[in-house]
Amino acid sequence: MNNFIAEAVSLISEDPADTFFNHESAVRSYCRKFPAIFATARNSILTDINGTSYIDFLSGAGSLNYGHNNPMIKEALLDYLRSDGITHSLDLHTSAKKTFIEAFNRVILGPRALNYRLQFTGPTGANAIEAAMKLARKVTGRTNIVAFSNAFHGMSLGALAASARSAKRAAAGVSLPDITRMPYEGFLGQQVDSLSVLENMLTTPGSGIDLPAAFIVESVQAEGGVNVASPQWLRGLAQLASRHGILLIVDDIQAGCGRTGTFFSFERAGIQPDLVCLAKSISGYGLPMSLVLIRPELDLWQPGEHNGTFRGNNLAFIAAAQALRYWQDRDFMDALGQRSKQIADTLAHWQETWPQLIKAVRGLGMIWGIELPDAPTTQQVSAQAYAGGLIVETCGAQDNVIKLLPPLTIDPQSLDRGLAQLGRALSSAAKK
Amino acid sequence: MNNFIAEAVSLISEDPADTFFNHESAVRSYCRKFPAIFATARNSILTDINGTSYIDFLSGAGSLNYGHNNPMIKEALLDYLRSDGITHSLDLHTSAKKTFIEAFNRVILGPRALNYRLQFTGPTGANAIEAAMKLARKVTGRTNIVAFSNAFHGMSLGALAASARSAKRAAAGVSLPDITRMPYEGFLGQQVDSLSVLENMLTTPGSGIDLPAAFIVESVQAEGGVNVASPQWLRGLAQLASRHGILLIVDDIQAGCGRTGTFFSFERAGIQPDLVCLAKSISGYGLPMSLVLIRPELDLWQPGEHNGTFRGNNLAFIAAAQALRYWQDRDFMDALGQRSKQIADTLAHWQETWPQLIKAVRGLGMIWGIELPDAPTTQQVSAQAYAGGLIVETCGAQDNVIKLLPPLTIDPQSLDRGLAQLGRALSSAAKK
Amino acid sequence: MNNFIAEAVSLISEDPADTFFNHESAVRSYCRKFPAIFATARNSILTDINGTSYIDFLSGAGSLNYGHNNPMIKEALLDYLRSDGITHSLDLHTSAKKTFIEAFNRVILGPRALNYRLQFTGPTGANAIEAAMKLARKVTGRTNIVAFSNAFHGMSLGALAASARSAKRAAAGVSLPDITRMPYEGFLGQQVDSLSVLENMLTTPGSGIDLPAAFIVESVQAEGGVNVASPQWLRGLAQLASRHGILLIVDDIQAGCGRTGTFFSFERAGIQPDLVCLAKSISGYGLPMSLVLIRPELDLWQPGEHNGTFRGNNLAFIAAAQALRYWQDRDFMDALGQRSKQIADTLAHWQETWPQLIKAVRGLGMIWGIELPDAPTTQQVSAQAYAGGLIVETCGAQDNVIKLLPPLTIDPQSLDRGLAQLGRALSSAAKK
Amino acid sequence: MNNFIAEAVSLISEDPADTFFNHESAVRSYCRKFPAIFATARNSILTDINGTSYIDFLSGAGSLNYGHNNPMIKEALLDYLRSDGITHSLDLHTSAKKTFIEAFNRVILGPRALNYRLQFTGPTGANAIEAAMKLARKVTGRTNIVAFSNAFHGMSLGALAASARSAKRAAAGVSLPDITRMPYEGFLGQQVDSLSVLENMLTTPGSGIDLPAAFIVESVQAEGGVNVASPQWLRGLAQLASRHGILLIVDDIQAGCGRTGTFFSFERAGIQPDLVCLAKSISGYGLPMSLVLIRPELDLWQPGEHNGTFRGNNLAFIAAAQALRYWQDRDFMDALGQRSKQIADTLAHWQETWPQLIKAVRGLGMIWGIELPDAPTTQQVSAQAYAGGLIVETCGAQDNVIKLLPPLTIDPQSLDRGLAQLGRALSSAAKK
């Protein structure tokens, strides 16, 4: 235990909850379910101040795709810090940013035949969403933007307007205008083609919905319950957008950066969105960083029209450039495929084993949802998993979906152990 | 030159602007004025990839109050990184966060007899503003919020509605409702009492302005042209708020964390705002971090009502806790006073020397503005300073104010050299 | 020709269009299609200043259900005017208003077992809509209101937000918030149950649409193309509203007052809306008058919360009370049934005769639409009818529907002549 | 007593309030203060169903400038009705409308060297306001409109947004965006130049208020407390508008049509607004009618962009054309001047007599306000006046202003009697 951690521990009073309970706002939430005080972490293992270890199937809500404190990235960060590399740069040119931009083009965009300008926004996903929505409105001269049922795009007013969760919307305290809500694939049931509803509602004369500047969509809705749009639906949406001069914004904040098995979540559909928002795992180390990818011909920003203090978080650029190396690494890709299969197979087996308990299993790559009958059962499964040393979250509008987001880099043993622990919690629930 | 920097430099093509010009969005702005590619930095000195040095009077727009790569903070960061301390934690309890919260109470709040709950928001100032505005609306059940002329609060829709700059507002592409604009102190000229206008417009029956949930105010408007509200005005505003059940939100993002000579910019007025927003220099190292301070009885948030992925940036917590040590350091305080005086004296002298050029000098502590006749002159002064190795920005609605924001920790020699360089640029301008 | 008309005619310059062209705003529209200068009228016959007569299938867009200058009503008006009965009374009690209220209860509400309070609003349909929407928001404490595709509710901002026609919406020049658009019956095609889409989009958790205060619906969409909702759909909508605590507002401005064959257009569905808006033919003589019917337990208005100068148009009350006598008159009801059948049979025959031309025939009672292939054809039919002395309008989002709205009191010969003239115009179109 | 009135009276039950109390919405307001059931009226005298007479200083809130049932106008109406002149015409050309347009040009616009196009809107003042605001936004491409403290413009959402009264605003239940509120002359006290505040807040860079499409202003605020803008202030406002390309909309609905002593209320300032809204007394007989006057070069409406069913109320056109004859009648003008002086002198005398009671006397022409200490006193004066046979209303944001609006045509004896009755009520109040 190094000095810093020692100091931290020494500061902990007899009632470890006091500091947080007394001094942190009541808005905190994850810590209510997973109340340990965490001290250190490595890849998929978190350790609290008492030395207890936890397997992490939460991964910073998808921000730690390469695991906690990834050693390859860590070395680059230490190196950069020691050398007094620029840390904070607003939007000045820095060598760290240059390295990242060039690596992103070489490793990600080039091989996928994609051509985007990069906008570094304030380092939250919400800020990238706000920027993309502004640009779409500016480019088209329209105000309306279509967002989907069960969408989650962030908490600032513009992003919140596009988000579906009613409690979070109500917290705005004001109307959330200039957004039209449309059903995501499957939301209206299997017998209704939501794309056809969408096209009718948007483009049939008399529909009464103003032609939108853009669609904003997650190709996999994570917070919304792990809803996976089919490639056909995504292609249909892209074609609909194209036919009517509507821009397509893909919010790839949680599903991007490899979470679904490919770098971008939409690769499986073969589409090229007009704007793509990235954040969460883009830095590879959990450091705040956000990006908007912009089709060059849409990059009509005036200098400084959307700015932000922390858009030059160079530690994040350093980490991000390192993290991209994984996408040139065959072994990483192979392991990713194997881990994905390991989860998929286990969940399929569980669904067969406990058909009364498990209403549906949804997912791909390393993002999976297990739909249970109700919120209390789901919360109980999460709580029991935690008691056994596994951190796994719930999601969905009814909080009845267990969401699995292990690091992409998790080792097979830890994955097995985590799944086994989750299996035990499900088994208990199945017996009730 | 360490490996990482070496790699970065080696990647630079013949035309150093290519990467940024070709691949980064046209929205970038600071880099257009200060086009060097920066590589390393220490306290007030930036060095570019060619080894050229620059004195930094910009300080990350106020995010680097303790200088670039502050060595005391750096050691704590290296230590923490090496020990695999938790990097990213959402809002989970971590020892790093605990250390920060306790230090903030012990060093900042306690000695000032302030009692606030801390809300860690998404790590941008705009996100802290959005959270504070939401909470004010929730607590009061009202929608209207009063913001001021020349205010700057951020780029997401809620924060942008409160911001005054017309070009940035226009970029929203939609109406920015639920905000009423009022004149800041002095905006209506010296003969009009803006507080009295404010009180009449808000509280006289028939005013037609809906009673606001809150005032949101910067005690020193930085982006708006370095406008310093008087203690009397701030007290009057606080009293007005109190009389009418309106909350007072102080946006201390740029002026806080010591910039004005005291930790909070409002200490000189002896007021206790209901909500305080901090960001920029709170982490002390330029790392993204934001805070809302909430009077405990107003902390009516439901769990998760306002959340965000990067609200647990533990590197920032580690750095922030270290940075607070300065506020127990008598020598730091003394030096800060001396540097402030050094600037104030120099600027007063300049104003006497070039009365035709310098319309006004405004500021306190380590934030100062020099108002020049027009934007081209001001831009020219900034450009000439840059040519001589000084980075100094312009601000104000008419871009005719030179804004000085050197690190609080700048050594007197560098400050002298920087001021001398600025003096030369002003002298040239005065001759035209 | 009496004195007044004589004077009017004498004033007409050589170019009869001069006055209007030169001095009236370009916003005028009907007069561009039917450019005669009309002077007198009786029941279904309009006569212009040259003595040319026209059969009126437009009836003041449904405001003249009892014909032009209905003699029974006219006598009451003359009597009242001569006796210096109160003309304008704001919302003071007057004997004329008392007479109307009592007659409305006795003749309309009582026999239908309906119990409503009457709110007299500013005498435009739009104002009744604005009042109903305000009250629904006030009663429920919610802001969102659901309106339908192809809806038309009026031109003031609140009513316009609920209206679907894109050109009219665009004329607002501002966003039209706090409305959610949903598909009317049939809008998504016959295979999609729009009620089920509606229920899913409004009430499934995660839908992202804020629970509405109200549905606002026309049971027959007149401007929208004569779309007739089925009784089942209306009942389903009412039940859905009731299940979720959503108020049901029926806009019966154009379809009410007997136009569909019963006094209220929703009688055929057996529903009892929470709020009903009436205007157009309620005064029976084309005089401006509007009403909101309010379920008594929802009448939570504070005095004066929604007012208006002309809400006491006593001439209209006098006329309206007279007009209600028709609803106690068996002969009127029988004739109405016969005229309705006369139209229905003719249109059915035409549809068989010209299947290439007539895409659909829709309607009931005395409101019918004939859907043609496109706007130019439709406009041509209307123009040719006019040339032959018949005034008949077009409607629908694509302006490809001929809308028949003859007076309910039209005599069978005039109806025959009008239909024959329309038949000739259709026959010409069918030949092209 | 003619048949119709007889029938009305015969219908009155033992408790005369029953019908209204039981069947009319709680929103009714004037009738709560003046609860008689009125039956007939002539010029300034109202008579209730019991034969009791009242002098009318309310005049339909300014809609009966030519008195109740003006005999000259009545004859034209009877003549027109008897001859089956067109009653309701949408926006078709009619001889009645033609007569009105030509008379309005000949009698009103021509002699004043004004050149306006006429838009007939839905026949409420609010609808004229909505149309003017839409057109201003359309013509300028801007969304913001400046309205003033104590303004009243109507109850539909667009007009309500521009209105100041807080209770009425709150009834909207939604935000009222796209309006900026500014202080009317004198609102900030006599020592503050509200025009200068206005210009600073709108046009100084950094003001943070989006450049407005228009100012909307009443030259005399009637509902707001009889606040009379000075000619200088009005000219200053017009010049400010002109300098910055902002349109000037004068809402002359209550103050126009002669109420201030000239046809338009702004004639005394010598300004030519871009848009003028007229309603209330324009028809001369209390019949619903509204007009927007549009500078010809601003008449950029597309056909039908703003429409409305009752914009062709031909009885109103007939009455309105007759009423204009007064403006060619020297005797009428002379009498108007004498009646104005009679009021002014009396009020000046009262103010001297009861300086403790009367805080201010404001007005011109035939619109006057007497400011009393508080709402209860004011209400008591109104109630006592009513008990003595005088109908006189209260106004102002604090309901502490007695508003005098007698017909312009009131005979001197009735005016004397009314003033004497009001004097008695004030005298009683002064003794308390």
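So that you can tell them apart, the chains are marked A, B, C and D in the order they are listed, and the count of residues begins at 1 in each.
Following the convention adopted for this analysis, a contact is a pair of C-beta atoms (placed from the backbone, for glycine too) under 8 Å apart; a residue touches a chain by one contact, two chains touch by 3 or more.
Computed from a predicted structure; not experimentally measured.
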### Query
Taking mean CA positions as centres, which chain lies farthest from chain C?
B
### Query
Hey, which pair has more contacts between C-betas, B-D or B-C?
B-D
### Query
So which pair out of A-D, C-D or B-D basically repeats A-C, with more than half the contacts the same?
B-D
## Note on the structure
For the copies chain A and chain B, the interface residues, called same if over half of the numbers are used by both and different if under half, are same
### Query
Any idea how many Å lie between the Cα centroids of chain A and chain B?
29
### Message
How many angstrom lie between the centres of chain B and chain D, each centre taken as the mean Cα position?
### Response
51
### Task
With chain centres taken as the means of their Cα atoms, state the distance from chain B to chain C in Å.
58
### Summary
Among all residues of chain A, those touching at least two other chains are 143, 174-175, 177-178
### Query
Any idea which chain D residues touch chain B in the complex?
143, 147-151, 163-166, 169-170, 175, 177-178, 180-181, 183, 187-189, 192, 196-197, 200-201, 204-211, 224-225, 396-398
### Task
Flag every residue of chain D that touches chain C in the complex, lowest number first.
1-5, 7-9, 11-12, 19-20, 23-32, 34-42, 46, 49, 58, 60-64, 68-69, 74, 76-99, 101-102, 105, 117-120, 122-127, 130-131, 134, 137-138, 141, 143, 154-159, 161, 167-168, 171-175, 177-178, 213, 253, 279-280, 285-288, 292, 294, 299-310, 312-313, 315, 318
### Message
Per the contact definition, I'd like the list of chain C residues that touch chain B in the complex.
### Response
174-175
